[in-house]
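Take a look at the structures below.
Shared between the two complexes below is chain A, which pairs with chain B and chain C, respectively.
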Partner chain A sequence: MTDPLTPPKKKDPLVRTRAGHVPPGLRSRAAKAMAVRAGQGQFVLQTCNTTGQTTYPPRDRSPFTWDELTWQEQPRGAVIEAVTTIDATVDPFFREHLPWRVGSARLDAGPMAIVHLHGDVKQGDRVRMEIKLDRGGNPALFAMPEKETPNMADDPQLRVFTADPKLRRVLVTDGRGPVGQAVAQALLKAGAKTVYLGNADTLMRYPGQDRIEAIEGIEPVALNLTDTSSTQELAAQLGGKVEIVVNTAQFTRQSGVGFGGKLSDLQTGLETEVSGLMRLAQAFAPAMSGRSDDGVNSAAAFVDVASIHGLTGKSGFSGAAAAAAARLSLISGLRGEMAHTGIRVMSVLTGAIDDEWHQNVPPPKTAPVQIAKAVVEVLQKGQETICAGDVAKDILSRWQADPLLTIREENQ
Partner chain B sequence: MTQSVLVDLAAALASGQVRVVDLTNTLSPEFPVIVLPPEFGQCAPFRMEKVSRYDDNGPAWYWNNISMNEHTGTHFDAPAHWVTGKDLPSNTVDAIPAQDFMAPAVVIDISVESAADADFVVTRAFLENWEKENGTIPPGHWIALRTDWYKRVGTPEYLNLLEDGAHSPGPDASAVEFMVHDRNCVGLAVETVGTDAGQGFHFNPPLPAHSILHGNGRFGLQCLTNLDKLPTFGAIIVACPLKIEGGSGSPLRVVALIEGEGA
Partner chain C sequence: MAKQKSYDGAVVCAPVTVPYVRFSPETAHWWTGAALAELSRQTGLGPADFDGFCFASFSAVPDSVVGMVQHLGLSPRWMDHIPTGGASGVMALRRAARAVQAGDVDIVACVAADTNQIDSFRQTLAGFSRFSQDATYPYGFGGPNATFALITDNFMRQYGIGREDFAKLCVAQRDNALSNPTALMKKPLTHEQYMKARPISDPVHLFDCVMPCAGAEAFIVTTPEKAEELGLSTARIAGTIERHNAFAEDAVQTRGGWARDIDDLWQAAELGPQDMDMVQVYDDYPVIVAMQLADLGFCDKDKLPEFIAQNDFTISGSLPLNTNGGQLSAGQAGAAGGFQNVTEGLRQVLHCPLGDQVPDARHALVSGFGLVNYDRGVCTGAAVLTQEVLR
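Moving on, here comes the complex of A and B:
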């Protein structure tokens, strides 16, 4: 049984914050391919194209036949055959987390593997395997109890592989809209200690303001992502105590490219979503990076909520899709930078949101509560990418199968 | 003769006999801009991005890129700003004769009425009554409405935008017709975010200040400050908009010359 997390004490100002190391990072291209799939929550291993046998760890060619390998979803079951505890290591990251339990697991998929263990897993147990990303973004097999155990998510070893909002302080950048409000409430429900809720114009009321700002745990803050000074001022106040940033800022207007597009809308969209994302990252990433191993409430994740149409473009919403595309590109760059610091960078992809700016889009649309649920899930699982709702899931699966066809489908 | 006037002016400025009052609010990201229904294009607020500040992007110099709408902060409205003035000659800021950028002002104090009623409406009758007590508004003047509204900057009560629209004082059509046709004003100068009352959209015609002023080639000055520092008569307003090609208006530094105590 896992001890429940207890709120961290106030920090001793004479004690140096633990530096945020990351596990060893050098990986093969095959391991990176595994990371990409793990980042989407998949449980995949390679199978030999000739024999169909499954192999682990990731390789460039089949160890059985030298044929090519294909990534395939695998059964998640396994049996833990041996368990050991590491008490000493020269690795700077694991030194800070000793003792560390690992074991050998016979995967239902076939191979034996050295795996990280949840604290409730013992030798001989049937377990549920997951591929987690470590703080450097590399894939690692992690054995979870087969059935839910008390306080299971609070296991210290598991928490290293997630960005669970429990007991963490979160900045939600745009609280003026339904998405930010839904996200804030879901995070509090998931155990976040505080949600700092951004308000781009504190002199201007917004729908639901009284209700949302009255909720215990919500702290309204002034934050306008189109304004560098506003973003920097907030980071100066909160940078050292925000553990998760969730960027919910969006500016969506219907627009074409050659027909019916308004450049002033495009400019505002790019300022809000693209320049805004860079302002947010530049303001908050440095301070967060210094706290990635700062105990129970270590800084953990930077989450960006963007339209899935950033992958495909979208007729009728070309400007918004262009902003989303730029946003996804910046997020990829930020993920690479932050991998060295131990802070996870995550994307929540949405379909057309069921809001005032998509009135002309027929259902199905993505409800704000679906986005909120996805934000919590991506943090709790420590993934890199998650789709909020079926619309985004459908587009992502079509895009993964045939990108150019999906681009065509979404635009003509 | 001209030289003599300017020499006298220079001496008066140097001695403090003529003082310069700044009527301009500071351009900052926080300064409010007019808010339209969301489906319309919006007025971009002031924004500033550092290019360099004695750093790797420019080791010995400090400068910023700035962006804003033509109607952000303390700003000038040219006749072309409104559809009624679209076909007038010299209706954009680059084409307006520079001579028009300096003019005397008459200051009409409606601060008490505005404090009592945010929707206070200036009518022709009000202006005629005001003239009986203060004297006739001379031609060729800016007509400045002192509301003390500038003291609300930084609070929600500046735009005062409620669910039924904005609430701030301004003129009705009869007053603007009187200012333009009977008193031949240069323009209307206000401390509020627009020359029209907050509820001006519901007037007949809608937004009469914009409609009538600009339709007759007159100007607007908005988001002014310190009108309470000016005398009723005798101030000269200097308001030079940026020379933006085809511009409908411009943020600007507005100052007033007033006669002071002197040395």
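Moving on, here comes the complex of A and C:
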């Protein structure tokens, strides 16, 4: 069994913070292809196009027939054949995390693999394999106990591969709407120590304010993402004690492009969602990066909740989809930057949200609690991308199969 | 498969070891030149006189044998670059001998050289191979220690071998090293020290690991006539084998390519394990020494503990093993670590050892093992060297 995490002591400002190294980052293109699939929570390996045999490590041609290879979902079982505890390394990241346990695993899918081991896994055990992403965004096979064990998620080796909210302090950027409120409550339930809940206009009351602000662990903060000094001011106060940022800010108005669109809505949307995202990143990314390997409550993740229609556009919501598209683009850039500092950048993709701004959209719509659940899940699993609800899942799978067709379907 | 043709018409001579140093500010080019300078001192030959050059190195990048030839002023009519690390000595020997035998070349300088600058070990590991970069080193970055720890963990369980058995091999090699003035390890190693060493990657402990260092090794392959003209003692090649990526189906490595081809080696050599006066086997970790002893035909794997108990592996013992101390006690100079088994075997059969002489040595078994591309050593080779003419 795993020892439960103990709350960290108050940080001593005189002690030098451990530098946030990332594990060795050099990877082949095939390994990167494995990473993007792992980032969506898949357990994939390559199979030979002729024989269907599975192969690992990532290759560019089949070792069985020299045919090409295809990534496919695989059974997750494995047996640990051999185990070692590494006590010496020349790598700066692992040196700070010794001892480190790895093993040789016979995957049910066929190949052998060297894998990271959960603390409850021993030689000879049957295990459940996951492909996690490491702090640099690279794929990592991780052997979990086959059955749930006490405090399993608190395993120190596993926690390096997740951004679990337990004992972490989270900034949720917009608490005025139902999404931010649902996310805040779900994070507290998942063990977050504090949720700093943003309020863009402290002079205006909002629905549910008394209830949400009365919850233990919620700390209301003034944060207006359209205002650079408001964002900077909050970062100056909180930058060193926020471990996770969840950006729930949205500005959705119905609009066309040539017909029925209001330029001012588009401008406000871009200012809130796009420029706002950059303000938020510029304010918080440096301080978070400085604390990315700072023990139990190391800074871990930057989560952005955006519409799946950023991938496709959306008739009737063209302006909002344009803002979401720009947002996804900025998030990809930020992910590349943060991969060097050990902070995960995650996207939660939503369908039309079941709120006052989507009254004309027929169900199924995405409930705020579904978004909250997806935020917690993406953090606990350490994924890069997750869909909140069935609408987003449907659009993403159609988009992955045929992007241009999906764009046409969503706009005509 | 037809019996291997003999190596008549090719001989091996002039073993060279450029003394190792732990860290060197010099380059692989410098170390290669140092080995060639020593060959020159022994033979009186200069850059224009070698018409063959066979080269192995990890740290000569961005240069290959091509860059090295121009850097060092050679103009060979035959050259080769061997990228197989621990198997490179046997492979260089085989290739050069066939080229000499066929008349493609008269005299081949075979050289392995690597430097070890501060931090070059980490950098070499980080970019060692595609599979290790994708699928081994990001797993705790234990380097070869962790990979061989997994192999050792499995091997010990499969064949009932304990650390105390490995201890005997390592302690004997250290004994052998004490007579070798160029060995990096100069202090005796006791059984107790071995057993109490700190863990590096369990069950691999400190004295199971080699010391990375800088150094160079070299030898000459030429015709018997040329060797006579130069006044060099010679050995002949009684037989060789080579195999890569054998037994890919084994879950964790418990055998190497030798196991597949060993009968061919003994058949070609018309000798057997019992005829060997010593063995010079690749010894990055003692588990690989044990694996080789079994795969090369000295005993069955499940009899290894008894075999180790019954034999004395020191220079005066029943089966002298790695008589220069091996890499475990002399140091591992990169690709030169794959050559030192050949040069030491050669020195012993030519009766010009660095340290103590194996009494009446005539036959040496030399075995190489190289390149942990992913989870196991991929390249294996072995050769039997037999004393021919002492001059």
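Here is the rule we use: the second predicted complex is superposed on the first by the 412 of 412 C-alpha atoms of A that agree within 3 Å, B and C clash if a C-alpha of one lies under 4 Å from a C-alpha of the other, contacts with A are read in each partner's own complex, and residues count from 1 in each chain.
In this text, a residue touches a chain if its C-beta (ideal position, glycine included) is under 8 Å from a C-beta of that chain, and two chains touch if they have at least 3 such contacts.
Owing to the predicted nature of the structure, the values given are computational and were not obtained by experimental measurement.
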{"item": "Which superposed partner A:Thr85 touches (first chain B, second chain C, both, neither)", "value": "second"}
{"item": "Partner chain(s) touched by A:Arg106 [first = chain B, second = chain C, both, neither]", "value": "second"}
{"item": "Touched partner set for A:Leu203, first chain B, second chain C, both or neither", "value": "first"}
{"item": "Contacts of A:Lys262 with chain B and chain C, given as first, second, both or neither", "value": "first"}
{"item": "Touched partner set for A:Val15, first chain B, second chain C, both or neither", "value": "neither"}
{"item": "Per-residue contact with chain A, leading partner among chain C and chain B", "value": "C"}
{"item": "Which of chain B and chain C A:Asn224 touches, first, second, both or neither", "value": "first"}
{"item": "First (chain B), second (chain C), both or neither touched by A:Ser28", "value": "second"}
{"item": "Residue numbers on chain B that touch chain A, as the complex places them", "value": "29, 32, 35, 38, 41-42, 44-45, 47-50, 154-156, 158-159, 161"}
{"item": "In the complex with chain B, residue positions of chain A that touch it", "value": "203-205, 224, 226-230, 262, 264-265, 268, 271, 356"}
{"item": "Sites on chain C touched by chain A in the complex", "value": "121-122, 125-127, 130-131, 133-143, 145-147, 149-151, 153-154, 157, 198-204, 251-252, 374-375"}
{"item": "Chain A to chain C touching residues, read off their complex", "value": "23-24, 26-28, 30-31, 56-58, 81-91, 93-94, 100-104, 106, 112-116, 123, 134, 138, 140"}
